[in-house]
Amino acid sequence: MIFASDNTGPTHPNVLQAVVEANAGHTTPYGADHLMEQVTQRLRDVFEAPQAAIYLVSTGTAANAITLACQTQPYQTVFCSDVAHIHEDECGAPEFFTGGAKLTLIPNDDGKMTPAGLRTAIEGEENRGVHGLQRGPVSITQATEKGTVYTLDEIRAITDIAREYALPTQMDGARFANALVTLGCTPAEMTWRAGIDAVSFGGTKNGLMGVEAVILLDSEKAWEFELRRKRAGHLISKHRYMSAQMGAYLKDDLWLDMARAANTACNSLTRGLKQNPDVTLHFEPRANIIFAAWPRAIHRKLHDAGAYYYILDGGLDGPGDAPLTARLVCDWSADEAKVSAFLAKMTA
Amino acid sequence: MIFASDNTGPTHPNVLQAVVEANAGHTTPYGADHLMEQVTQRLRDVFEAPQAAIYLVSTGTAANAITLACQTQPYQTVFCSDVAHIHEDECGAPEFFTGGAKLTLIPNDDGKMTPAGLRTAIEGEENRGVHGLQRGPVSITQATEKGTVYTLDEIRAITDIAREYALPTQMDGARFANALVTLGCTPAEMTWRAGIDAVSFGGTKNGLMGVEAVILLDSEKAWEFELRRKRAGHLISKHRYMSAQMGAYLKDDLWLDMARAANTACNSLTRGLKQNPDVTLHFEPRANIIFAAWPRAIHRKLHDAGAYYYILDGGLDGPGDAPLTARLVCDWSADEAKVSAFLAKMTA
Amino acid sequence: MIFASDNTGPTHPNVLQAVVEANAGHTTPYGADHLMEQVTQRLRDVFEAPQAAIYLVSTGTAANAITLACQTQPYQTVFCSDVAHIHEDECGAPEFFTGGAKLTLIPNDDGKMTPAGLRTAIEGEENRGVHGLQRGPVSITQATEKGTVYTLDEIRAITDIAREYALPTQMDGARFANALVTLGCTPAEMTWRAGIDAVSFGGTKNGLMGVEAVILLDSEKAWEFELRRKRAGHLISKHRYMSAQMGAYLKDDLWLDMARAANTACNSLTRGLKQNPDVTLHFEPRANIIFAAWPRAIHRKLHDAGAYYYILDGGLDGPGDAPLTARLVCDWSADEAKVSAFLAKMTA
Amino acid sequence: MIFASDNTGPTHPNVLQAVVEANAGHTTPYGADHLMEQVTQRLRDVFEAPQAAIYLVSTGTAANAITLACQTQPYQTVFCSDVAHIHEDECGAPEFFTGGAKLTLIPNDDGKMTPAGLRTAIEGEENRGVHGLQRGPVSITQATEKGTVYTLDEIRAITDIAREYALPTQMDGARFANALVTLGCTPAEMTWRAGIDAVSFGGTKNGLMGVEAVILLDSEKAWEFELRRKRAGHLISKHRYMSAQMGAYLKDDLWLDMARAANTACNSLTRGLKQNPDVTLHFEPRANIIFAAWPRAIHRKLHDAGAYYYILDGGLDGPGDAPLTARLVCDWSADEAKVSAFLAKMTA
């Protein structure tokens, strides 16, 4: 009954199998392997973007930070929500990679940046001439850290504003697949057709060992990306094992199947929680993450039964029985049995 | 007949098997997996360093650059040889990670920094007060990029000078194992007993998919290392697959066996080349790399037969038959048959 | 009738005279001039801090950013108010000089950081382990950008919290003198006796051509400061002209006289504005800056009469007669006549 | 008898007078003063470059480093001589301002970069693909740190190579005027007509209190320069005093007169030294700097008589009487009397 993070789950067997198969013989290193050629072609097809530059790195932080460094001058500021992963969970990676740019935080609504908030933030910069930072890229997280999902209209409303100010856009898609299956649209619709210039296309949280693809829909910065990746120690020498993972991920839409499985489990869990009068949901879950509160005693019961997940605002052993908020994440391997067991234990 | 790089070779089956086995169930991410506990303990045993801080990263560039960033202030300079990997092959990663420190290049002798050269370089800094950079760490590569190996006395002669000036020391051990089996000493003898403070303990070039251990023999900077690693996007979430690789590497001294195999193949190849009057060796190979020159016609013959390796100073199709220098690298999977076939083809 | 900024005003004649006098003959450059010796001694006396390290730079941004770089690791965050000069008016200098640290913005109350706000901000960091930035220094502006002044108790309340978390403290004292004469205390009382570790002791806004002193009350980082200053291009070669300015500034308490003159003019102006029913004050002015709103028509009248000051929220030519906010700054040369003329014009 | 540095000398009285005169009344800060308008126009005239962007900063290190930061990506390398000020005397400012670029050092001949050396250095980069740094700007020092001067043909030979590789060029002209009067050419001839893109036009060493102009002959990076200058704390608020200095410098060719005076004194000193059989000149002095060796006893005699200059390779009190190298610098205020007294003392 582990719902701690999609980072705690296993890798899909097909992916491991592909890694094992990739091991035969000698191969050109540093991304020039033939498996990567296939991955590039496949991702261009998937994104309907035949000119896109495609790169693999091993963490989402690297994917976001290297991309943002290509989009941001040191004297600019990146617009993101106040709960964005790039602000809260990367120990300052964007600041490091950009050479000291700033992040301008936009108050989130339901985990998301709002168009009004973005416009206010943009207008709040560049009103002090050379004394203030200049406007830089707009970065959104899809699905958000709160488990919500931008609709296509919401994405477009944001990128329209970015376009108005001639600012580039980036999508942190660590949970890209989870958002996509929720929206039921195509990758192209959720990205470049909605005005997104660069995507961190997550794989690690969705069944890979550790691979994220960066998709530069505008490939003008491709060579700069390669140099910044190398310089950051993120160019993998035995790259074929990265390519193999991503290849298996894309094959026969495994990535979508895994995301669907995670979301389905999350939906089941959400339904069950809603039926429990002791539970309050903080956001309406739209992907594979739930934030919900219930009394400490129930947390204790779950814990004693072996359930494992993050409690955000207190410990199991505190006094009283005030509700504590849990973050529950379903990964691709979460199934009905696990969900049922968890829900049953809550009310047992 | 591929001798292009130890990055082109396969992963050892034991390592792949360990990765597959590590896949069962859910595990704590970000290095808190139980496999990492075992790796830490095992590496402390191997290095006879019970207090050492141990971290895994996915590239040698990351290992070196994060370590050097912990050892170097931005206004200092790192002393290294003019053929050091950190100077020539990391696209400025040390400069990036340190916030703009400099590298002071010491002319190499046989691929190695000399004590006299180091002393001259150190004395050449800090003679301009605040106007020049301050002295920072001394970094050596073991085995060197030229396939040579520092003896224990040579390491000690260098670290003695570093100690004299109170400078920390770092060993880029991308080919640590190859050097170790050549010297026939213990890891402790080649590192902290010889005055080394921090080691990049390479695995990737020696049979892993992509794991390097950083060993901070002085653990004072351990927390700083963790923060810099995260901030650089090098903290792997599904860390268990890294731990599994390193665990298999260390188990039953697989790492030493693989290095021995590579060095043995290299020795055979060297012997064969020496018997060929058309061949001139540039360095006396001491690990798993050979630099040797022979006429273009022979390069062409090898190429036509499917041999693959780097030619440093010209193309196959140039005019004349002046000797061209080859770099030949033997990885753990190189065997007698491959070596013999190559040598036979040269003289066929 | 210029109240645009204390940067628009002239230099005090005594200061110019000292610069002219400093010109005789040859002198050791780079801060080793004998005038600097006197400045150092004098500032140590003024601050009752015989061990303090004292440096001169030519801008407040340099003073703040170099100091903060000495106090902040790249993976830390600086706590400051959301209207701090280091956030709003230095084009990211702290981020640049620290190698990409972050600023954590604390909502201001009356232009000031509150102890409660600081505690909340501090507690809001370091709750994500290695994933979030670590807590760094606390920086306050005295007097604030809003023309308000921290009382000694307010400073102490803030530094007590910093001490509790073992965080260093910095005071941006671009208008140090204006605050000091308001409080009627000693420099020691307003700084180290109140828990401040480092001070940017402003001179430029208060009658110098361009000199700020940095006072490191804890001199442990003195050499690092010197290196970072040089590396940033802020070590002035013909330093004697800097020393001469600061020497004249300190002589016979000229600096206090000038601040008193500025504050007195500001008080007169405030009194006058309060008597005008068309005027709304945004803050209670405590130093030499006033934020006040009045109808556009009056702004127009003042402008036509040659008054010059910043209007923050609209132009003279906009429609309607909604009140627009003016920022009025009195420098040391502002006198009763100028104030009276301005006030008279408003009601003329 | 002070020949220590052109940084030890006084400011020209005309310059001081201009500063005093600039003090009247209130003026727009941050470079928008009317004196700066005149300076910009005058420098555009002087350089015959009506489109050039012109900025003032207070140190040569700032001038060089901000300019290079505009010309260099962090993953590039700057080509300069191994005795360049940007390498030896700026404590890593170029590395800091560029975000960690490298300097590729070219062995100097007579203090100068040679075309052949430059070509070799350029060819030595970008031969490792993404693993090595990319080629960046070419920077030369005119006059050099060794007191030599590039001829127009020599400059052109270097910039021709830069053009061939599409690399920008920068001239560190801390002693621009000294070189110019030696060559007897126009500023345009020595810069853009010879292929130079950006110039640090020194004033501080040649009679100003502390002002260098940056001249961006290609103004494409002008706004970036302004942002980087501000962000580095180098935008001076009370800028009029900077403008006044530069205005006086340019007025009636004072800058050329001062450089001529310095060079003339240097020529006299050189002639005198050449007539002394105890003296060996290391370079043929072409500007205002002499490197020459003579026996320790003579150094001692000069020192006892109050002469002050740098001795590079030993102390006055060492044993024996081996020749020690002196660096002698003549500033604008050096006159025949001072030179004669020095020469007389040597042979007294």
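Chains: A, B, C and D, in written order; residue numbering restarts at 1 for each.
Here, contacts are C-beta pairs under 8 Å (C-beta built on N, C-alpha and C of every residue); 3 or more make two chains touch, one makes a residue touch a chain.
Being a predicted model, the structure only gives us computed values, none of them experimental.
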- [ ] Write down the chain pair with more C-beta contact pairs when B-D is set against A-D.
- [x] B-D
Task: Interface composition of copies subunit A and subunit B: same or different, split at half - done: same
TODO: Name the chain whose C-alpha centroid is farthest from the C-alpha centroid of subunit D.
DONE: A
Task: Inter-chain centre distance, subunit A versus subunit D - centres from mean C-alpha coordinates, in Å - done: 51
- [ ] With chain centres taken as the means of their Cα atoms, state the distance from subunit A to subunit B in Å.
- [x] 34
TODO: Determine the centre-to-centre distance between subunit B and subunit D, using the mean Cα coordinates as centres, and give it in whole Å.
DONE: 42
Open item on the list: Residues touching two or more other chains, restricted to subunit D: which are they?
Closed with: 30, 74-75, 90-92, 96, 99, 130-131, 227, 230-231, 235
Task: subunit A residues touching subunit C - in the complex, by the definition given at the top - done: 74-75, 77, 88-92, 95-96, 98-103, 128, 130-133
TODO: In the complex, go through subunit B and note every residue touching subunit A.
DONE: 2, 4-5, 7-11, 13, 16, 19-20, 23-30, 57-63, 65-66, 90-93, 96, 204-205, 208-210, 227, 230-238, 241, 308
Task: Residue ranges of subunit D in contact with subunit A within the complex - done: 30, 73-75, 99, 130-131, 134, 224, 226-231, 235
